[in-house]
Structure formats: structure tokens, C-alpha cells
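The first chain written gets the first letter, and so on, giving A, B, C and D; residue counts start at 1 in each chain.
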Amino acid sequence: MPAISGILIDGVSYGMILFMISVGLSVTMGLMRIINLAHGGFALLGGAAAHWLTTIAGFGFVISTILAVASVMIIAMVLERSLYTRIYRFTELQQVLATIGITFLMIASVNLLLGSTILPIRVPELLSRPIDLGFRTLPTHRLMVVIAGLLTAAALYYLLERTWFGVRLRAAVDNRNMAASLGINTVKIYAITFSLGAGLAAFGGILGAELLPIDAYYPLRYMVLFLVVVAVGGMGSIAGSFFAAIALGIIDTAARYIVPEYGTIFFFVAMMLVLTLRPNGMLGRT
Amino acid sequence: MTSGLDITGLCKSFGGIIVANNIDFTLRPGDRKALIGPNGAGKTTFANLITGFLAPSAGTLHLDGRNIINLKEAKRVKAGIAKTFQITTLFKRMSVRENIRLAILEREGKSFRWFAKDNGYSDIEEEIEQLLEQFSLQSSAADEVHELAYGRQRLVEMALTLALKPRILILDEPSAGVPASDSHIITDAIERLPEDLSVLIIEHDMNLVFKVARKIVVLVNGAILTEGTPGEIAGNQQVRDLYLGARHEH
Amino acid sequence: MDTAIRQNRPRHGLLTFRRLYLDLALIGAGIAAFFLFPDSLGFLTRVLIMIIMVLSLDLVLGYAGIATLGHAALFGSGAYAAGLFAVNFSADPLLGLAVGAVAGAVIAFVSGLILLRAQSLTLLMLSIAVAQILQEIASKERAITGGSDGLLGISMEPIFGIYAFDFVGQTGYWYALTVLTAVFVLLKIIVASPFGLAARGIHESAERMRAIGTPVYWRLVAIYTLAGGVAGIGGALSAQVTELVSLDALGFSLSAEALIMLILGGLGRLYGAIFGTVIFMTIHHLAASVDPFNWLFVIGALVLIVVYFLPEGFIGLPARARKLMRWSP
Amino acid sequence: MKKLLRTLAAAGTIVLAFAGSAAADHTVKVGVIAPFSGPFAIWGKQFKNAVEVYVAQNGKKAGTHTVEFIYKDSGGPNPSGTKSLAQELIVRDKVDYLGGFVFTPNALSVAPLIQKAKVPTVIFNAATSIIVKKSDYFVRPSFSLWQVTVPMAEWAWKQGIKTAVIAVTDYGPGNDAEVAFRTTFEKLGGKVLDAIRMPLSTTDFGPFMQRIKDKNPNAVFVFLPAGPPSFAFVKSYNENGMKAQGIQFLGTGEMDETTLDALGDAALGLTTAYHYSGAHDSDKNRAFLKTLEEISPGAAANLASVGAYDGAHVLYQMIKAVGSDRTKAVAAVKGMAWESPRGPVSLDPDTRHIIQNVYIRRVAKDENGKLINQEFDIIRKAVPDLGLPN
């Protein structure tokens, strides 16, 4: 049945985008225990920067992506050191309020500088062509997204499981005070992780711009979507985010194939089922 | 029909780890039993099995001859089983008076009234004042609980639990966190508890245990090692070794 | 959610009298606003309706500690129910209010059965999902609800058959103010009742509530249902005054704005809901008319300033000012 | 009925009070309600630019009266907010006319109000057919969905397109477009192979592309809101090789000039039927574009621009004819004909809706390499609102 392969291919590539943008959110929410509604804002900043670099400044796609991600990471680092250090100590509700305030300022800035219409990112001609897989054609762009997603997941896995940094990060996730008492510099770990998460959001935002187009209101439009991935996957779980994103991508795609007229309802009912059965998410810690 | 609590063959395991192993236990009106044992012996688990916070894997639980194994925690409270928490669990940003008021309103089945004033029942207000007096808390009645010294918070914990008028009272480490100089406050409070109440005290502080308990149950690795009067337990070499051994770990 | 949200209830009867004056002053302000801003009654009426919505959220979040981002589900259900009732059965406003209240309560009860077993992020997400699903249904059932065009044909009869709705919005304002006052008084009574005390108890420590024998889950369902009724009244009012209901009544941004207004104002004391809503909506209104393109800067900055410098919201302002006075030489 | 009369009488007294204060030569105020903030802010910007172009070309005076525009921000679809803004404009700012309105529910929310207060209201956009029926004071010089969709179906049939798949966004306008296209196309003998209603929040259109391709129709008719959905759909259409498979793209407003540039070369050759192209070949349009460039350099002209420009024209004609005596204003412009940047147009005296040409356009590059909607066929002159009869 060609529909099944179609659902899988489209679903997986959609899921990869969700994964790349959401995984940083999952880590920051799991590690720093903050509800960070501004996360989508970093994807917006990355996308907006890439838009400016590719269309106005005239840089190539790859260089623009690198520059955009790097600048978002720097912005994130600055924000972390200035605003977020206080936010960590807030109650959950104050975190919601503070991070939504930051999101508003990000949106307003992009709106002021680049306007409220779509901010397209010019991709190389090569990527916008379809390629023939034999049984069906697939946009080259999607293939790139899937590969980039897998590479990101692999790199994160390596970073967390095999490196000095990963050991400390996991220790900090498990128990911040314990980690601090073992002499781990949690302040530094926090800053690096936050910046890394923001960078991933920017990267995902840029690569996913064909599926989730960038405009100033991007963070509000997709905020719920990213939070769903985190909640279903389980806060702080990278594998959880990966499987949740892929599963949600496939479910959403399947709904569009089979019952497009009930697409949104299908998606949210599926989410409610998962969360009712597993309140801490698929791979969440109980 | 016997009155009091009757437990037979109570078992509980988490994964493969057995935390309650075939426990038989009774508590009659007027009993003052203490449950002691080294850390990790399963004392709090046992208390939680009685209150219904945890569900047992096997065994029976009868209160006044009535099977209560299937009752949820809140229902067991209504049936007459109440406990204080090892770590003070109170309504911290409410006054002491409001803490106790909540418990009495609940006991009296009035906590679902929407249009009465919460402090509008004169009999309840009177009872609150009596409890405050019994635990010497009058001077702090209007203070929010988090402002109180820890020893006094323990008293509120007891007052609030006693306000439920339980027949079975479980005190989970009533003196935990209380400075030694203040522990007499706790001892006094326990000694002044109503005579017909059945009391189970889980406690580390042996001074307190020997002062207030009339029977002592020793729990080791989820099973009852022995039970006896304070004198018998004090003379039991096995207990002394075990308990002192455990103490060394601190 | 976190228990660190302060509940600075008056210690004793000390403040009771002052509180009564404050209540009267608030109602007086509501009456005065009619005469001071006779040309902005439409906007003021929207503020009053929004206050009802935020009061309902305060009951749920400020008192019982249930964090939700789907309160529009209850407001919108009330709005659609009242609208449909007016179109199909009776255009009597008060009957419509009752229908809205019942609809909000029913939706709250049914969704509460699922939601209130969850906590924290999961609760937030489930509450969002409920509102989104309802919005999608309202969008799909176009034959009944009008879909994205909005529910048309609401034309209210005069209140008590006497006071007709006028285009200046005078009747609408008095109507909304009366309903709000009634809701406010009702909520004042309820939060001071044993039921209200128990709600705060659950917020402070659900574990301890269970240990004194309270069926915590069902109590939360009851509070949520009550709040659903209140939000439903707000929705019904909105439907009657606007004479149109559209999908935005069930929208995520309504839920989010209500939450922002409540946290800005301060949780758990009803007054916060009033001040938060009035201040937020007024600033929004003014900023949007001065520079609509960039008003989001103002709102973003306002939100950050409050959360960083007034962590208890606007109602923390007097205490903070007093503290400053004491510190100054 | 008695009740209605009583209300009208009450409203009438207030109106008279306003009219009494209106001298022969005075400033007439027009309130314009549109989104100036949020994701739809571009609409307000386009409206405002176009009105300013009209004022720049025609002066601040309509006849002997000075015209003053007051802009109010409605945000997105928000009927309760819109209604209260309209109330404020009428009561506090004492406007005699209203204009603007992008979204159907917002326009509908003011219908009872303008009916009671007798305020002529010119709709710059909101395109659902029923709106004009809800008050006698509505005038709509924009377009309606049926008006542009029916010609699209007819033109497609004439080009030899026999089979089509319909793919619309699942909300009011999308459903209307689906019905309009299907009815017309099937009546002519065409076959609709499949109709897909896509969720409003969708921006990943891959799944639908596959479904369309499997049916292998001659053409796909789409209706999508401008912005992210149109953008993502066109990208997807291109990347999935639909063009190569020979499935023609048929649409209406998807190739909006404000987002056309964002689509890039992916849009080249896509066919749409619409009442206005920013590249319309006429002196009137060139003059319009020239002034627009002076007022707001780099701004594109789109349907919002022409709707607001013609809206301003209708308002000016009303004010010129009757000043603030607004009960007669609508009658004064019924049947009026004029030359718009979109071509010759007139107002249908019965429906108060615009009669206009619909053009078939395809996306091409102009001499500067900029993407435009190149008109190459006029389907029918003077198309009335075809949605109204049913």
C-alpha cells in the first residue's frame, strides 16, 4: 500500500523538524525545571536571521545557517546570564509570565525590523527539486531534513552519553544540588545547555521553514505544538522527545492522509490519550 | 467483634524488593504502641499501608471487625484512622487556627458548604480553642504556620490530626527535627492524649519511646522481629545488637 | 502548581472593615466609570466581562492551584450555548445567562474528570487540548455554529422586558456591571466558606487534605465546575452584548491573555483578577491606539517589569510601597 | 415589530442630535477598523497606505467637506472587540462613516450597530456573501468568494480541464470556495475527483500532495488563506513535482502580492482568477502604484490596497453627495460606476456589492525580474455577487 510508505516518509520528516526544535525545550525544561515559553522565539530569531542573511545580505544557505545559529546561541547565552538566572527561582506561573514577556519582545522586535509577513529563507535550487525514489518522488529538502535530524539525534546522543560534558549534564538533570556538591559547575552547565537548546531551536527553525514557515508570530503559532512534543515525550528525555516527535509527526500525517477533515481533533485526542495513560510522558521520569 | 485494628499477613513489595513481609499486628483502644527499627526497616511503609496511602500486595486489614482493605485514604480517615507526617505537612500559609478549622470542618462533614462562613460555627470555634489550649498553641493561633518554630509546627501537626477525632492515631516520628531541648513538649502532648485512643508511634528517639510506649514492636527488613513491653525490649539482646548497630551508621 | 504563591489573607478581623470599604469603592468605581467615560461603554463592558472570566480563573488557579491554559473552553461553551439558545429558543437575557452558566459548568465537569487527575505541564497541555478540540468542533459544525463566520442572528430581548440594548452600550454596561457585582459577591461568599477554605487547603497541600479525609479529586472537580459556571456566565454575557459568537471565544489566545491578566494582578484574592484585567486591558487599549504596530513591546515590557519587580502582582504594590516607605529615612 | 420601532425611534433621536450639530461645511470623520497588530497587521498597513494614496491624489476634501480618517486596531478575528471599537468610534469620535473590515465575523458584529445608528459602512475586504444582507448600510467595493471562484471554474472548463481535485482550508471561506467551484464545474460537465478539507493549522502539505497525485486530475483547485498556508502549499506543490505531472494549479487569492516574493520561482506559472492584480495594465493603476511608491517605498499593491482605495472612493462620493446626512449616503452611491485601478467597476444597486471584471492571471517575471500576476484573460465583464441568490 503506497499510502503507508507515504505516511511514514512524510510523517518522519515532519517529526524530525518537531524533534529538532523541541529537544532543546525538553532539555531546558527537564534540567532547569522552567516552563520556557520563549523557546519558539529562538527558532524565530534563527529563522529571521537566516532570512536576512540569505535574501538581503546575499549569503549562501549553509553560511547563513551557521551564522544564524551562532548568533542565536550568543543571544541565548546573554539572555541566560541576564534574565534567566532570576527566572530559575520563580514559581512556575511567574516563569510562564516572564518567558511569555520575553517572547512578546522577540516578536515585537522581528515585527519592527522585518515586518509581519512571511520571512522566506532562500535555499539552494538543488534542495527545492523533487527526487525520484522509484515508488514515489520526494522533495530533496525533506530528505535533507531527515538526514539532519538523524545526525542531530546521533550527535546529541554522543554528547550526552560519551562526553565529559554529558556526564555532568546528566548529573545536573538528576539532582542539581547533588551535582553542585560534587563540584560540578552547574552555572556553567546551565548556560551552555541553554545556549545549545536555543541553537538547536534555531537550527530546526531554519531547516523546517518550508514546513513551518517563519514569520514574526511564529513562537505563538507553534508554541502549543512544541510543548505537546515535550509533554508527550517526557520532560528532560532526549529519547522521549525523539520518539514523541516522530510518533506525533506520523499520527498527524496519517490523520491528514486518512481523515483530513478531523485532523486537528485527531491530533489532540491522541495527545490526551497518551497523557491520560502516561501523565509524565512516554519516557518521562515518574 | 473485636474493636481496634487487626492486621494479618500484610505484604508489600516494590518491584522485587519486599518492604512488608507477612506482618500480623493489632492495636486495641488505649494501646500505646511504638514501632521501632533501623532505617529502611519499612516503618513508614507500614504506616502508609495502614492509612491507605499505599495498597498492600496481600493481607487483611480490619477496623472494628470491618474489612477496610479496599477503602481509599480519605475514606479510612473518615473510618477513624489518622496519622501525622514524618515531615511536617501542613497548610503553611494559613493560620494555625485555620489549619485546625479545616480538619474539624472536614470531620463534621461541613467542608462542602458554599454559603456559610468558614468561621461561623460556634461549636467548632470552641473546639478549636480547646485544642489550641491542649497543645499550648493559643499565643500562635493567628500566625501562619510557616512562621512558627519547627517544634511548634509539630504540635500543630498533632493538634490537626487529633482534631479529626480518630480512634487509631499514627504518629510518624513526632519528634523528628525538634531540638532536644523542646522534645518534652512532644512527650507531654502525647501523654495528654485521650485515654481510650489507640496510638501507634513510629520513633527514633528512644528516650521518647520508653517514656510514652507501653508496648514496643520491632520491625526489621519489613518483618516483625519481636514485640514486648519496654522492659522486655530493653533486655532483648537481639534488639540491642540490631538497633545499636543501626545507630552506628549515623 | 507551586505553593509559593502567597496567600496573604488578613490575619484576623482587622482588615475586614477596610475590605468592605474596598468592595464598595470598587462597585462605586464601576458606577463612576459609566459617567466618566460615557463614550467608551463598549470597551468598558468588555473589561467587565473579561473580569468575570479572570475571576473564574482565579478561583481555579489562585484558590485551588489548578494551572490551566484552556479556560476559554468554559467561556466559549457558555458563549455558544447562550448564543444558540437565543437564536433557537428564547432571547431572554437572564435565561440565556443561566444557560451559559450551565453549559460552562457541564463542560468543566466533564473535562475536569480527565484534567484534574494530572498536574503541572501535563495539566496545562490537557487543558489546551480540550479548548482546541471544542474550537475545532465549533468550526466544523458550521450549520449550527456558523463556523468561522460566527454565530449570527442573536438579537436579545430587553432585560425584564423593559431595558432594551442600545447601540451606545448603556444597557449593556449596566447589565454587565450588575452581573459582575453579583458574581463577585457570590465568589466573596464562597471563598470565605468552608468550601473555599478547603480549596485553599488543597492548593497548600493536597497530601494533607487527603490525610484529613477530603476526597481531593472530587473537590477539585467541584471547584472546576463552579468556575466553569462563572466563566460560562462571562461567555453568555459576551454573546449577548456582542450579538455574535465566533471561534475566538474558544481560542488559545483568550486563555493565555486571561492567565496573563490574573498573574499580573495577583493570585488568590479576587481583587488581583479585577486590577489585573483593568490595567492590562486599559494599557493594551491605549498602546494599541497610539502605536498598534509596536504595542507588543509595551505589553512585553509590562509583563517583565511586573514579574521581576512585583512578583506578587499589582496587589503586592501597596505592601511593597509600604516597605519602601519604612526603609526610607 | 413594535420593539424594533421603539429602538429605531430612540436611535433616531440620537442621530438627529448628531445631524443637528453638522454644519454644511465641516469635517466628516471616517472610522477605519482593521488589524494593525498581530499576524494580520499587514492588512491594516495596506489599507492605510491605499487610503493615503487616495487622499494624496484627490485632496483632503470631498466636495465641500474635509474628510478625516481615524484608524482603529481590531487585531485578528475578534467580533466583541470590533463591535466595541465601532461603538467608541460612533459615540465618542462621532464618526459618520465606517470602513475597513478584513474578517467576516468582525464585519458581521457591527451589522446590528450600524443598522441602529444608521452609519454607512464600507467594507474593504471581508468577502463572505451574506455580510451585505445583514444591514442596509453595508456597501462592499471589495469582492466575494463566489465572484472570483465561479469564473475560475468556467475558465478551467474552457481550457479543456475535465477533471479536478479540490483542496481547501477547512473553515468558512474555504468551504464556500469548495461549493462554488464544485457547483459550477460539475454543472459544466467537469468531474471533481476528490475534495479535501485541510485543517486550518496545517502547514505541512506533503500528505495532501500525495493524495492529489494519486487521483491524477487535470487540475487542482485550491483555496488557502494568504500567509503561511499559501506559502507552504505552493512550496509543497512544487517540491512534490505536481507541475511536472501536469496537474495545473488553479486558485484565487493565493498569489497575494505581499507574499509573492517570498514564494520565489516556485510560483512561476501558477494560474489564479482574481479581481485585481498589482500589475494590472492601465493608467489608473500605474498612477496608483506611483503614488503608493512615493508614500510607502517598496510596498506592494494587492487586493487589500485596491479594496481600500475603492473604499475611500466610495466614501468620498458619499460624503461629497450628502456630507453628514448619512441616511441618504448609501442611496447616493447605488449604481455608481467608476474607473478603479483594477479596471471598470460599478456598485450593484440591489446588493450594494461591487460589479467588476475577473481576470485570469499567471505568475511571471516583469522586466526587472520581479514576480507579478500577469493578466492574460478577462473572464467576464461585470460579474455580480454570484453567491447572493442562494
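One rule holds in what follows: a contact is a pair of C-beta atoms (placed from the backbone, for glycine too) under 8 Å apart; a residue touches a chain by one contact, two chains touch by 3 or more.
From a predicted model like this one, the values you see are computed outputs, not experimental measurements.
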Innermost chain, where centres are averages of C-alpha coordinates: C
Per Cα centroids, the chain farthest from chain D: B
Centroid spacing, where centroids are CA-atom means, of chain A and chain C in whole angstrom: 32
Geometric centre distance via CA averages, chain D-chain A, whole Å: 37
Inter-chain centre distance, chain B versus chain C - centres from mean C-alpha coordinates, in Å: 42
Rounded Å distance, chain A centre to chain B centre (Cα mean): 49
Touching two or more other chains - residues of chain D: 41, 170, 199-200
Of all residues in chain C, the ones touching two or more other chains: 136, 140, 293, 296
Multi-chain contact residues (two or more partners), chain A: 111, 261, 264
Chains that touch, pairwise: A-C, A-D, B-C, C-D
Sites on chain A touched by chain D in the complex: 2-3, 6-7, 10, 13-14, 111, 115-120, 122, 128-130, 136-137, 139-142, 210-213, 215-217, 221, 252-253, 256-257, 260-261, 263-264
Touching residues (chain side chain D, partner chain C) in the complex: 3, 6-7, 10-11, 14, 36-37, 41, 44-45, 71-73, 75-81, 83-88, 90-92, 104-105, 108-109, 112-113, 116-117, 128, 130, 134, 170-173, 175, 199-200
Chain C partner contacts - residues on chain A that touch it in the complex: 29, 35, 83, 86, 90-94, 96-98, 100-105, 107-108, 111-112, 220, 224, 227-228, 230-231, 235, 261-262, 264-265, 268-269, 271-272, 275-276, 279-281
Parts of chain D lying in touch with chain A, wherever the complex brings them together: 38-42, 170, 196-204, 206-208, 210-211, 214, 227-228, 231-232, 235-236, 238-241, 244, 258-259, 261-264, 266
Chain C-facing residues of chain B, complex: 51, 53, 72-75, 77-78, 82-83, 85, 89-95, 98, 101-103, 105-107, 110-118, 142-143, 160-161, 164
